[in-house]
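Before anything else, here is the set of structures, which you'll find just below.
Here come two complexes built around chain A, the first alongside chain B, the second alongside chain C.
Entry: the complex of A and B
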């Protein structure tokens, strides 16, 4: 069998969240959780990140694959498959913009595998990052290759040390919906507003922590998600925009333009785009982002 | 003279030893193959965990699968993808491997009623699942209506992507008996055909669901 691809690792089936977090904490950086596996299998085969010593299977944890309505809030389990999220009656009736966003993610086959938590925690798709040949800043290397290289899909906003753009469409959608994430780890659980979850070089999950629930505090009265992609069938976003209006106001969020989701009131986001600092090859993305934001707000 | 003899002897010796070596290798191979063949029924010793690894770590385990209606129990290494396991351990070579990264869809199988690229599933994670491969689509040794229509309508040219397309199409038709053209195109969007025969593939699905009349020269027997 073609074992030349994948290096040996230990495999655990976690039965509870506590077991999973304890295992992930024990191995530290050298363990990776697996749920859908669509991103991790890529890492195992392409080896652009070191192969973990241990893989903790989260799919065996029961109860985290539900979408429920709790008062006015919508609670989504992190192990919900993307296809189940899109087909959920709660989502269809209360918040169809999530279903719209999910149906634009990847191919139907991969949506049958991928989970919500995995989508939120996925790696960026910068082509220097996902190649084993390049040891870029995000992987702990000396420099980001985008400014001096081919940066046509790079960031146009908030470039500090890394010019990769956030790949998750659900991150954009949930930011517009002002969601909060329940994060469980060895030190107990905490709630993180999704706005504070992402940082330039990844997310704020500490060692051993996993996302267990996503809570959307209020179903929007009006909301939409738009995505621009190069390939018509399925692709990662060149720019994506989500706008949601609730009783507390309107939040706009832009994905695919910066290492983190750019969010705020529609005016704030528009003015942020006005002062964009594109790289040498991606000036076109500014106009695409402006247009996609306008479409989402319409 | 004596030196020559010596050399001859030496050569003979080396020949013998080479023969012995080859024989030994063949015996080893046979034993190895027998062990691999018997893997479905008996438990091999299994790979040893490296020094320093925690004892409870699982490097591979017995899983039970229902493949094409037949329940099997087999030992899998934790690293094996479902595609590799089906092809090499179960001998179901109809599931072809294209890109091996879940992008082309040629390794699509139906897992618990849902189409998935089997190269992206770890076999160890598929424990207890029901799997249908292209070998399970035909009914009683006869091709299914879907396959028959696709062949008659020349949906495939080289045919490498065929099993993947058929499994994706079957997963759709199992759920919905009369999908619209948009739904068909959406359901097949994870499959790539390098001959770009998409039009005929979608058309044959419309024909098999009774939404379109087959071309006359095909239905009359004179194949296009």
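Entry: the complex of A and C
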């Protein structure tokens, strides 16, 4: 029953991708797109990041909530609700590991609202970051609180300036599936392989850009998603692992262990875990990640 | 559905009929919760549903640090925000006082000792304006070092001395309460033990996580009085005097209203502090004001304190227990009820087993941990955790079955325990045997695929029910139409108390439940009845109500006797009529037997009868407690009214590669005559299994330098429906203490053999799961919660 007050902002219902990107470009840093709002509302209520001046609603853009087959590829509209993704006949028949992943995300209520694009673009959940009381490095502050603080849920690999872990389970899943993202912005559209999409402090979207489609080039002949969390529902991954095999080979991906998805061949990822660099309190995550990676590869 | 055992009450049923009650037509029955539909539709009289025209929104500005000096507070910007009516700090005389035990500022102005301490208050026309004002208040702090560890805080030379002047109990600067218990010759008995077990169990803070956070509404009345609605567990004992005292009004000038159902308490709503702030705001502004904590405040404003134990127990080769030495350290930023916790821990140590020697030392010290308040069981779960872990290890060392070890050492009914109290209402052997029987019926441990392993655990438990503040009164108002209104204090906390009290009255008067109504709990007409804490509402309130029905019958039968031409003792009552025993033909309605108003021809329209004041002569008198040893001196003196007893069994699956713990099967039981078996099963499933499982496996208060990190339900991991065993794997047992274990209970009629259940059910849960985990992985873990990192560390994998 939180009744927290939300600071005022301008709200636009975009009718087309062009309109959305033009508006976002106009406001620049001070605008945010909104899809299901399940992640953005948390920021607006708890105010751990500045409230945007403008919010551009993408849900009013028609056509971006489809899941289709295109030759051997699967195309997923960025505004597809998580529940619809899990229930899509294309996904169930061609790539059930996506449905497995979705069904382990948050809760049924949140999956009814949350979208694929929003899931991929959600912020990290580091418990220092999500509190207005801590002005950490990722917010532009001078320090990362995790190394000297409570880092039980922090990164065990590829920590640089920030020790938070990527929160999106779909990012892990799509990385194993070698997906590419269609990104549209004021300068037109471009395709970004998902493994190049994430960087330590966020993603590579430029001003005014949004994700419109996700393409999985080839349905895997074998694929699996595993997730370990403290609580069986309504919880983020302590570690997640996705492994998918196509005609091009097998890709393994780990989520919840680094600021970005860690991916490569199963051997590469296994050996990355072998030289993990856990923080003072989270060596256990290495053990868990190894175990679920093995399970996903089985 | 798993097994549902409810002990046979036939013998009791006949006795109840003989005593002139309905013979269990209403009591002991599965009566549906009268508030059920209102609770699920949200229409019940929750405090947060109280809304008055022109009501202001009150909000508190809270401190983010664990411990800090306040160097300045600037409210000027906040005052200028449109819609803001009032901004207050400790400079305002209304907010300059101290709460509770006099060490807790209403608003802090020089120093803050705990994350969430309030430093300023705002009243505004809207929530928006109030929140803007909070943001605009500029508080400058200078962080100070924190001490979170209650043992380190209790040191004779602590690194942080919290208060000036320091309380300095036992030469320990931060220690404000010390409680000892000395019985027998500890050194001799330890030395004579063949086997000893030593361990340091620890339970970190865990918030109550009530379904709704605290809320209160207050309004200034034109005559200088105020009315307060507060979401509390009781009104008379703490909230009413606290609010009146803090705003400087005579209690009569504060009209205090409780909720129809308190929106979850678990001890966290015993003080009603939100009502203090709402009352202050309405007196200052002369406008109605609401103070409603948000979810974060709900998780941060109170919690169980951190408990650190050092325990050693001994036994002879044959399993006879010899001695126990236990030291408890607890702490918090303010005294609150911490001292009482240490006193009650004595009852946990002495409430199940026969010891030849006991030495207990309890220290409560100032730390910078989260603020505290009574938490479900008020020391019983935490004490039983320490004792039952040690008993389990002892059984292993002795090579003895852990139930046999327990049965050998349980106290007997009527025996004196290590506090020299005569032990009453001892049902633990019966419950323990029943729960073990359930566990045995699960068959051999299932085989599970590698890397899973299976473990089974068992634990007993006890919970005292206190008898202080036992001056209970209950009023019954008989209406001419056969309805009876119940007027008492004590809140239903979602436990079903509103239903159970109707059952008491229906049973006592032999009338249908539908003919009884419980009126709003408020100080204008409700008498001081016992409160919904210490698992005492059913027992004490029930006693008062049964006593009122007895008084009513005496009066009605005396008046009816001449009309029915019979002696009062030959009369009986049923369904609102009075008749000669066994002769329903000539029955007259109650209303004809209402006393006449002097000078008037017929009987009065209504009849008001009171009952209560439970003061059995073997409780607290004659005698006293020796403060140096905690021994009860005097033939009958006792520190508690009675104990309730519980047992749990659990089967857990532990994954040795990920550290995951799953409770697969569970059985829980308690000893009592159930007023309403469904309610008791609800307590077992919700309070023992779910709440106990959460605190044992997932819930904890992670913090960094006293700044709490789990401020939402995402990070404070209360279990969900997916985290508990399926309903087929959950067995419950309600084992009557009437009969074999209870002997000829002189209190059959008061109150029908019922005793409290609510808190105690959690006492055996954490130790039971801990014992099961130890059985599964072969390593004894002592600090809850057993999160994956803890399990993997124990297995040498992290």
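Throughout what follows, the second predicted complex is superposed on the first by the 294 of 298 C-alpha atoms of A that agree within 3 Å, B and C clash if a C-alpha of one lies under 4 Å from a C-alpha of the other, contacts with A are read in each partner's own complex, and residues count from 1 in each chain.
We adopt the following convention: contacts are C-beta pairs under 8 Å (C-beta built on N, C-alpha and C of every residue); 3 or more make two chains touch, one makes a residue touch a chain.
The structure displayed is predicted, hence computed values, not measured ones.
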Handout entry: Partner chain(s) touched by A:149 [first = chain B, second = chain C, both, neither]
Key = second
Practice task
Could you look at A:41 and tell me whether it touches chain B, chain C, both or neither (first, second, both, neither)?
Solution key: first
Exercise for the section: In the overlay, answer first, second, both or neither for which of chain B and chain C A:234 touches. Expected result: both
Exercise for the section: Using the touch definition from the top, say if A:55 reaches chain B (first), chain C (second), both or neither. Expected result: first
Problem - First (chain B), second (chain C), both or neither touched by A:291 - result: second
Practice task
Figure out whether A:128 sits in contact with chain B (first) or chain C (second), or with both, or with neither.
Solution key: second
Exercise for the section: Could you tell me if A:282 is touching chain B, chain C, both of them or neither one (first, second, both, neither)? Expected result: second
Fill in the blank from the handout: Shared chain A footprint, chain B vs chain C, residue numbers 1-3, 5, 233-234
Practice task
Quick one: which bits of chain B touch chain A in the complex? Just the residue numbers, please.
Solution key: 47, 49-50, 53-54, 56-60, 77-81, 84-85, 88-89, 100-102, 105, 108, 111, 114-117, 119-122, 124-125, 168, 186-187, 189-191
Fill in the blank from the handout: Touching chain C in the complex, chain A uses residues 1-5, 125, 127-128, 131, 133, 145, 149-150, 152, 228, 230-236, 238, 281-284, 286-288, 291-292
Practice task
Would you tell me which residues of chain C are touching chain A in their complex?
Solution key: 48, 64, 127-128, 130-132, 212-213, 292, 294-296, 451, 657-660, 698, 702-705, 707, 709-711, 714-715, 717, 719-720, 722-723, 787-789, 792-793, 797-798
Problem - chain A to chain B touching residues, read off their complex - result: 1-3, 5-13, 26, 34, 37-38, 41-42, 44-46, 53-55, 57, 59, 83, 106-110, 112-113, 233-234
